[in-house]
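One chain, chain A, links the two complexes that follow: it is found with chain B in the first and with chain C in the second.
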Partner chain A sequence: MNAGGGMDGIDRGPGAGEIPLLTVEDLTVGFGGGEDGGMSIPLQGVSLRVPRATRMSLVGESGSGKSLTASAVLGLLPEGARVLRGSIRLEGEELIGADERRMRRLRGGRIAIMFQNPRASLNPVHTVGGQIAEVIRVHSGAGRRESRNRAVDLLDQMGIPDARRRASDYVHQYSGGMAQRAVLAMALSCRPDLLIADEPTTGLDATLQQQVLDLVIEQVKARGASLLLITHDIAIARQTCEQIAVMYAGRVMESGPTEEVTAAAANPYTAALLKAFVTVDRGRMYAIPGTVPTLSGPLAECPFADRCEMVGPECRERVPELRRIGGREVACVKA
Partner chain B sequence: MPLAIYISRRLAYMLVALFGVSLVTFVVTRVLPGNPAYLIVGAMADESTVAAVVERLGLDQSIYEQYVRYIRQLLSGDLGDSWRTSNPVSVDIGARWPATIELGSTALVLALAWSVPFGILSALRRRSLSDRLANAVSGLGVSIPEFWLGLILLLIFFGTLEWAPAPIGRTLGEVPAHTTGLYTIDAILARDWEAFKAAAAQLILPASTLALVVGAPLLRVTRGFMRETMASHHIRSARALGIPERSIVLRHALPNVLLPVSTMVAIMYGYLLGGTVLVEFVFAWPGIGKYAIDSIAASDSIPVLAAVLLSAITYLFVYLMMDVLHFVIDPRTRT
Partner chain C sequence: MTATADGQAPAVSKPPRRRARAAGRLLRRPAFVVLLLIVLIALFGPFFLGDPLELGPDTLAAPSMQNWFGTDQFSMDIFTRVVHAARLDLLVGFIAAALAVLAGMPLGALAAYRGGAFDTLLLRVSESLQAFPTLLLALGIVTALSPSIPVLVMIIALVNVPVYLRLTRSAVQPLVNADFVLAARCAGKGQFTILRRHVLPNVSEVVFAQFSVNVAWAIQILAALSFVGVGVKLPTPEWGAMVRGGADYMIYGQWWVALFPGLAILATVLTLNQVADEIRHGS
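Right after this comes the complex of A and B.
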């Protein structure tokens, strides 16, 4: 008998009782790098865990790799990009290298995504209801009439008045806020376990942003789904999500419970982001000096070293690994 | 906006455009050197005979008076007489117009058949063999003058391989019973397969010449719009929600591509129906283009005017038809 193994022969490691809904481990993605060798590495070992029925934000400046991480999870990396290393698991099932048919069923079925710019996210030549119905039809095999009715119900649940009539309208007849509600309806149409919302309120009027955000939270909660909210705005992250992961230059710098992280940032980059957003409220802008480094190869030092106020010689020696400190994980040698 | 108002407004624009075309053409044909009176009475006629003819035709009047007279004549349905053929222009055109329609329509169908599918395919598979081939063929099509291409095709298929018949008009066999004036269609209607073969054999080379010339820009436009559409946000969204690739291309992308491409098709069809002067000349095709060029060579301005007006009307009419079609199928124009 195999005395050393677990009950089912699979060693899930410490704390394996709860398999997270989504696990991203050491995800490294490279661009280019053919014979000419000029490869850039926009994701350098990203690690994330999104538990079931949890809202997690992925925060960072543009170019930090948030959206690319989402694309990788969906198996839809842009042309020329490929996964060099790492693992993406949905409830333990490895998605990297999964065949296209399997991925297609997961997309929209178990992992759904909504993007910014909702009006551009809908096809101009098909009715809004028809597009939602198609997603339902593709994933559930429901008939035309049934999927149509479900699409109308969903629009209604998202607070679109006169949903049956509006379902026959085209996207150019929708306002930005309405379109984002419709996009949310489409993303939630097949009851996904994970909704990725990529800057869902960017580009909407300030008054609408809160409404749409509240709706996303409410609907995700009601369905017992998890949310991965991608945003550059740490204030939005703080207000909406229980968990936070701060990304910088293709790496996770700090992650953990939002309250804990935002109350006392352990990573100087998180602290700088918080300072930048909090000081806006007091009428003065704080800007983090310098710019995000371009990732033309593997790093040899902390990516934030050049911009960090607390930088020391030890920061230049190697890339800091994510370390568990209390309830959070931090990539900083000083933490 | 209701369709009826839309169409009547467009018809009003058409009248304005036609007025402009008639004015410009009239002035240009009248200021050209050469006295058409000699055409009628012969070069050896004496002064007084010539003067009488000039007076009868109104050529001694001011150009303004001549124009008013011409328009009045047009409005009463009289296109005038050709001095060269001594037929009423309406009779000449009635005999030649079907030849141009048959050639132009066949060329358009052939052009659509190769260029649109090829354009879509090469957009979907960038840098593939079909993309490179499409590049080469369309590059050839847009850069080779059509008469030159016609001559080369004649050299190969008539001169060397002897697969095609001599380029001397519309048919070398029996002219089929007159129903539509399009020989191939008439032959089919009469179930006269011998006549059909003879007519089609005459048609294939000039139609192919035009199909390559007209198809080349169509391919480029199709490919361009297809690439643009496939990179659009709504396609990314549809893909991220698990819509199968087949539906992405056929249901989501294609309608968005065919709308702008159809505008280009209308332009091309208008051009073809206006009489393709050079190709008709090379293949001795008795259409409107050849009629116009023969008339110009003989300083016979009335048929030239009629041919130009007919060409303009056709152009505007095809364009109107395409706009009406867009009005019906594109949801964005309806509101």
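Right after this comes the complex of A and C.
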């Protein structure tokens, strides 16, 4: 069935016809400059859709705009950055240009985020439990005692032993893995519809990564929430999320069901990224030749053209749009 | 001092053992104990001594069992006066420094947090205040207004505001982009909540160390203003004024009139500075 609602009228498989939980369309974000030039444009028309109760990964090299996309969704772009074009909708409600009061209610309420460095994400001068309780208080208006109890419950659900006592501890008394569990508890404290996890396991020991990742997945599933997992590690994306979106140079290059995309990449960049990871196992590292282009203006050609093995003259003519191919969307003229 | 940060922890009282340890830590700070002593003397000393304005039988009597610090040109007992003066000097110093913190700390935090034109404006204003030597600025304003105690307090506070503003600003600046502040914003907390709950408690240590230094400064400024004759006037007991009054007699060998109030200033200022060091290096 063709929903006819989206900008390209694409059938979106399961949940088609429904409004996705999060829709990002043609999101373009620029830094500095103005008409006089000197502007860099790190997001060049990002489009993605996160359906309800779905786990989606946002994969890409550093500088590809993954985290910036998350910041834009939360309405917390860094200083000097502004949205030039595009739309971000939470269940159809436009977030770009929404007033700060509204955004504050969404942040931590319907959209929660957890960052890479859990110990830095918690304030050193307040107890861990107190910080979680504070978020609950801000959003639900619950009393001190009740929010405190809910915070302890959450810590307990995240597998922190002796949660009631540990809630009174400060972050320096927590290990990295524990701190990330606490951060997850805080993120989930107001039952968000969407959890954005920005490299949630990158700062952790390898042995803890899997545990924390499993916990995130389990909790998100149990709550019927959606997950937007930002990672540079396509292996993690493959193992945890049913949907994948591959970003490169501020654009989504390919998105679709993870299995389908990783089994046979339709975009040469995705293929190169997969190859870079797969070949690590065989003892030899594959590196994509060249470097990510600097985004000092609007693109005029495929951003991957200079590094692509399959590049042809048609790649230089214009920026490839995301096109629907089978169950996925691909931005490549050759696909 | 750190009680401000602790007191804000919601619904969590620290276990008593931790509190006892905090008390133990306090006692291991000698300057802090000395300061406590000075404050106690200022608070309760006057109750055991006579009127600081009471005239005795002899003028300019040397220190003796009768008059420990001797008597001054008006025949008043200098020991009594030095103790009484502690009240005024400490009170003025403390209130002036407190006012300076109350104004400077939030402004500095806001300047760092907001940035932009607001930040620039505040910086320029505080720079232009600081461009004058502190004492000259205070001197200028006092002579322009009438020198009464409240006016002196306000002026000493005013010249100290830029110090706090800049100190807090530079302490807050690295925190503005700290992950936990971003996390707090992502959790939907408002600007003032974040400043009050997440930023300021993290800078309180630096600010309180500076507070101690500033009380010392304030006392010095008050004493200096009195010394040059625009602050507190004799015979009101005030250290700076007493030093001024006694300075004339130094050359005639009556050293005690100026020396003892001078030593009181020295001891108090040194102690306050040492306390600041203990705050900075302690905990």
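Here is the rule we go by: the second predicted complex is superposed on the first by the 316 of 335 C-alpha atoms of A that agree within 3 Å, B and C clash if a C-alpha of one lies under 4 Å from a C-alpha of the other, contacts with A are read in each partner's own complex, and residues count from 1 in each chain.
In this text, a residue touches a chain if its C-beta (ideal position, glycine included) is under 8 Å from a C-beta of that chain, and two chains touch if they have at least 3 such contacts.
Not measured: the values here are computed from a predicted model.
On the superposed chain A, the positions of chain B and chain C overlap enough to count as a clash. Looking at the shared chain after the overlay, A:Gly129 reaches chain C, while chain B stays out of its contact range. Of the two partner chains placed by the overlay, only chain B lies in contact with A:His172; chain C stays clear of it.
In the superposition on chain A, A:Ser121 makes contact with both chain B and chain C.
By the touch criterion stated above, A:Arg323 is placed in contact with neither chain B nor chain C. Using the contact criterion defined above for the overlaid structures, shared-chain residue A:Arg102 touches neither chain B nor chain C, since it reaches no partner. Residue contacts after overlaying the shared chain place A:Ile113 against chain B and chain C alike.
By the document's definition of touching, of the two partners only chain C reaches A:Arg145; chain B does not.
Under the contact criterion defined above, the residues of chain A that touch both chain B in one complex and chain C in the other are 74, 76, 104-109, 112-113, 115, 117, 120-127, 134-135, 138-139, 183, 186. Residues 5, 8-12, 115, 178-180, 182-190, 193, 197-198, 201-202 of chain C are the ones touching chain A in the complex. Note for the complex: chain A touches chain C at residues 74, 76, 79, 103-109, 112-113, 115, 117, 120-127, 129-130, 133-135, 138-139, 144-145, 148, 168, 183, 186.
Residues of chain A that touch chain B in their complex: 74, 76, 104-109, 112-115, 117, 120-127, 131, 134-135, 138-139, 170, 172-173, 183, 186-187. Put simply, chain B touches chain A in their complex at residues 232-234, 236-244, 247, 251-252, 255-256, 259, 330-332, 335.
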